[in-house]
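Here come two complexes built around subunit A, the first alongside subunit B, the second alongside subunit C.
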Partner chain A sequence: MNHSRIDTRIGTAITLAVAAFLIGPVILSVLAGLTKNYFVGLSSGLTLRWIGEVWALYAETIWRSFAVALATLAICVVTGVPMAWVLTLHRGRLARAMEELLTLPVAVPGLASALALIVSWGTVSGLRGSIWFIVIGHVLFTLPFMVRAAGASMTHADLTTLNEAAATLGAGRIARFLHIVVPNAMPGIVTGALTVLTLSIGEFNLTWLLHTPLTKTLPVGLADAYASARLEIASAYTLVFLLMLIPLLVGLQWLAARGDRRAPLPVNQKPRP
Partner chain B sequence: MTEPVAIKLTQCGKTWPDGTRALHPLDLEVSGGEILALLGPSGCGKTTLLRIICGLEQADAGARVCFGHEDVTAQTPEARGVGVVFQSYALFPNMTALQNVAYGLRVRKIPAAQREQRARDMLRLVRLEEFAERRIDQLSGGQRQRVALARALAIEPRVLLLDEPLTALDAKLREHLRVELAQMLRGLHITTIIVTHDQDEAMILGDRIAVMSEGNLEQIGTAESLYRAPATDFVGDFLGTLCRVRARLSGSVLAPGSESITFRPHECVLSQPGSQGHTATILARFFLGSSVRYEIGLEDGQRFSALAPPDSRYTTGDLVSISLAHH
Partner chain C sequence: MARRGWLWFAAPAAVLFIAFWLLPMVGLAIIGAESRNGQSAYLTVLGSEQYWMSLLNTVVLSLAATLATLLLALPVGRFLAWHPRFPGRRVLMSMLTFPLAFPGVVVGFLVILLSGRQGLIANLTQWLPDGPLVFAYGMGGLFLGYLYFSLPRCIGVISAAAEHIDPALLEAARTLGAGAWRRFIDVELPALTPALIGAGAMSFATSMGAFGTAFTLATQIDVLPITIYNEFTNYANIPVAAALSIVLGLVTWAVLYVAHSLAGGGGGAGA
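Presenting the complex of A and B:
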């Protein structure tokens, strides 16, 4: 047997081991959510009862999580894309400082950011108890991902030159932004949106402090279930979470891939002769 | 068709925020319908000057840019009505060729049917009508250049600016398109400024040539006047090769002396060494097809190039005498 075949086998074995290590617990958890009695084992039989109970107990948290994620995404797109464009146009020291400042909430522990939000805005009437308080926290945390992704796409597509060309053709600022900047930065915007959506749906650190009993989101409900309900219910909850998240992720990946195929060539790339 | 407008620049200078002078304040006038080539090496300020004219760059205080009688110095690029062909063409990748050409009309709120008609007319002008629905990455370099030109022309610009329009193309195509572009521009009767670093391009495309160096306007005139009577050594060197030696002319023969003599390589006439004048040595010989190029060395170590007819048969090491024709 030669070395390369041994190497391949060792490599495959390591990959499989790592995959098993990562996926194993997920499979166990999913199975736990479908077993009649986890402590007895699979021999006790399979059931959909726990999923039904999760739905009865926590359906609201699931819909709320989606609502929060969509609101967060909308705010991130509406503010983050123009912000990325401004930072692309002005590469000065001030722009750099702004970018660093924007990234700060990612580095600061979520609990600390949440505490700061509660201290500063918690007393505004109506806000503390609404899901918008959670949305604000999520925007703070996810906005830099949108700005970074959109900004990278804008630089890559040499949008500053295209913007100048549109200006000489008579297009005003807003027309240039909508007709030229947004369509040509679409791959980055889609990537950013994907990141914002997934981060928001799974966000726990901030939400744990920001939520009230009436504004529980899916991850908070999950923690609640782990702490207070049967293991089977908590596991079924995980299963529901996966069932909702996986189609969303696959769909968005497909969108992003389609966007990449249609992605513009960088302007400075040498044209075919 | 509207009457072409003249461009008049007064005291146009540009200093970058860090204090470097991109452009020393200069005056320049291009008459209506004229094609001016701005010629110079990279970094001489010619693109900066172009960007000042179309409003993408603000000139230093005190500068004035006028189109005809209208002072456009304070106008934004979108208000100036200038057609610009960028060096990279800057075509919008999210649009077809037709949509690119129609874009300037779209933002002017011209009805869809009318703007499509005009965009198709423009594509026909650059002979690309059958490529109207193609995406930009499905076009070749030469086709992109023509779409960029059609897009700039569609808005019926007061002034047309082209920044190195042929540089992104390969050499063979460039040579072909140079002549085509020259013919097309001459037929348009639009006041045009072309930035280029290529002397042949400047000579073929421009009615007049303005030679720039290190942010200064060195000389402006027709290709012929610049070639025959360069105001500075820089201009002489940039438009063709200029030979310079310390010598004197005895009749038309190059002889030892201390005058500064400049001449073009093709003005040298080589002959058998005579009793008077320098005895020069052939250091190298290159056959170029339509001519032979010799590297010539004088006894005192000075060197220069000479061009001779293709049947010239001197070889390396031969001794010759040099005389200058038409000098």
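Presenting the complex of A and C:
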């Protein structure tokens, strides 16, 4: 044994304390969303009434978030996967610089990116008030995750060799890309896709500045509810949001557990709260 | 070169990035240099005590939260790495990683449930002579929020690094008579340093830019993201908001860049 008993005990205690700190408030929130009266406590009984009210008040934001996430995903796939392939083929300094540049919208606070978008594109009529303004912001923020996940899969599958073989057989670039690169990079693309959806559905920092009263997304609605709705409704709304996240997160975990261990775990990359 | 022919595949993403991020950012930087009352907003920002305080608050709070996060994440990461199999490990892992996907607003709300007026801590401390403990709506709550969203990220990075420590090294140190503490200081800590730097930088950068959490807790907290937001929405002072955003962006990016070089690219700052 390389680790003393005290070491293990302290480790166990701190791990359990941290787990309680992280999951305790989530449980409080779930209970608050299902309790008749949170201030009286669980003894007031359980109810689905608050979920119903959330649906009546905020259903629109939920559908809009789905639409924004799907549009974001479509653009990320169409632009990000080819970009990942180019970055896989070219390992030079210029390609590295491009990769670094693409991750800047994740490194720089979302508030700054959103302000920049508003200042440059906010006056374009028809764009400022549409959900596409939000989609653009989300694409900038999620694209690096798609590029990285797809790229990891491409490197892993040794596609460079396959690609050269197909080229000698006379296949054109688009055919090779669609029939060799994309199918072989699928695990990475799926991982990237789930990450993009998760990030887009929860994105707030950019969206708060980019949205208009007619283009509220789920997190924007959450901020509204936290500021003005009663605690039970705010909690029920949070619960709906968590329920939307769970299938995406389970999918990511499953992919990570089954897939190539060498590919970077998407959960270790960071969405910005 | 046959590879050259692929370059135009990069065009859509590159165009998108340049048109909607790079050029707008340059535009923002230029707006920050525009004059208002006869001087550029950068000078206004740099010469104002209020903005310096705001920046100082943000840096000190982010630094404190980062240190606290690392102190907690280190034992958790080690524990998870040394115990790859035990009943309930999967549940524990999901508990530790679930909050990764929470946006800042949700984290803020959870902090309110924990330490707000009707929060758990207030309920448990009602017997105190000074009344129940409530600290969600200020620096204390923000600290808790930063801790909440930094912990899962740092635990993942640190435990991955701890898994890669060669047990033979620890074994050798042990045979040479090193006690548990010496083995930790001389073998484990140096091996974990790149991960600690990377995780710390990531946590610091995230905290510096975290807007949603502060926004939910209180719009009065004097941290830079809130200051920028107030300049923009309440005072429509776009040059100052732009200058402050550029300053915040540069500080955050610089921290990540330095940490990335220090950690030899192994920290995986993810940004």
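Everything below uses one rule, namely that the second predicted complex is superposed on the first by the 232 of 273 C-alpha atoms of A that agree within 3 Å, B and C clash if a C-alpha of one lies under 4 Å from a C-alpha of the other, contacts with A are read in each partner's own complex, and residues count from 1 in each chain.
In this text, a contact is a pair of C-beta atoms (placed from the backbone, for glycine too) under 8 Å apart; a residue touches a chain by one contact, two chains touch by 3 or more.
Being a predicted model, the structure only gives us computed values, none of them experimental.
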Touching partner for A:V108 - first (subunit B), second (subunit C), both, neither: second
Partner chain in contact with A:T8 - subunit B first, subunit C second, else both or neither: second
First (subunit B), second (subunit C), both or neither touched by A:M83: second
First, second, both or neither for A:T212, with subunit B first and subunit C second: neither
Subunit B versus subunit C as contact partner of A:A19, first or second or both or neither: second
Touching partner for A:T238 - first (subunit B), second (subunit C), both, neither: second
Subunit B versus subunit C as contact partner of A:N37, first or second or both or neither: neither
Most subunit A residues touched (candidates subunit B, subunit C): C
Residues of subunit A that lie at the interface with subunit B and also at the interface with subunit C: 164, 167, 264-265, 267-268, 270-273
Footprint of subunit A on subunit C - complex, ascending: 2-3, 5-7, 9-10, 12-14, 16-17, 20-25, 27-28, 31, 72-73, 75-76, 78-80, 82, 92, 94-114, 118, 120, 145, 147-149, 151-153, 155-157, 160, 167, 170-171, 174, 180, 183-184, 202, 205-206, 208-213, 215-216, 225, 228-229, 232, 238, 241-242, 245-246, 248-249, 252-253, 256, 268, 270-271
Subunit C contact footprint on subunit A (complex, rising order): 2-4, 6-8, 10-12, 14-15, 18-19, 21-26, 28-29, 32, 38-39, 75, 78-80, 82-83, 85-87, 89-90, 98, 101-113, 115-117, 119-121, 136, 139-140, 143, 147, 164, 167, 173, 177, 198, 202-205, 208-209, 219, 222-223, 226-227, 231, 234-235, 238, 241, 245, 248-249, 253, 264-265, 267-273
Interface residues, subunit B side, partner subunit A - complex: 54-56, 76-84, 86, 88-94, 103-104, 106-108, 136-137, 139-142, 144, 151-152, 155, 168-170, 173
Subunit A residues touching subunit B - in the complex, by the definition given at the top: 157-158, 161-162, 164-172, 175, 179-180, 183-184, 186, 264-265, 267-268, 270-273
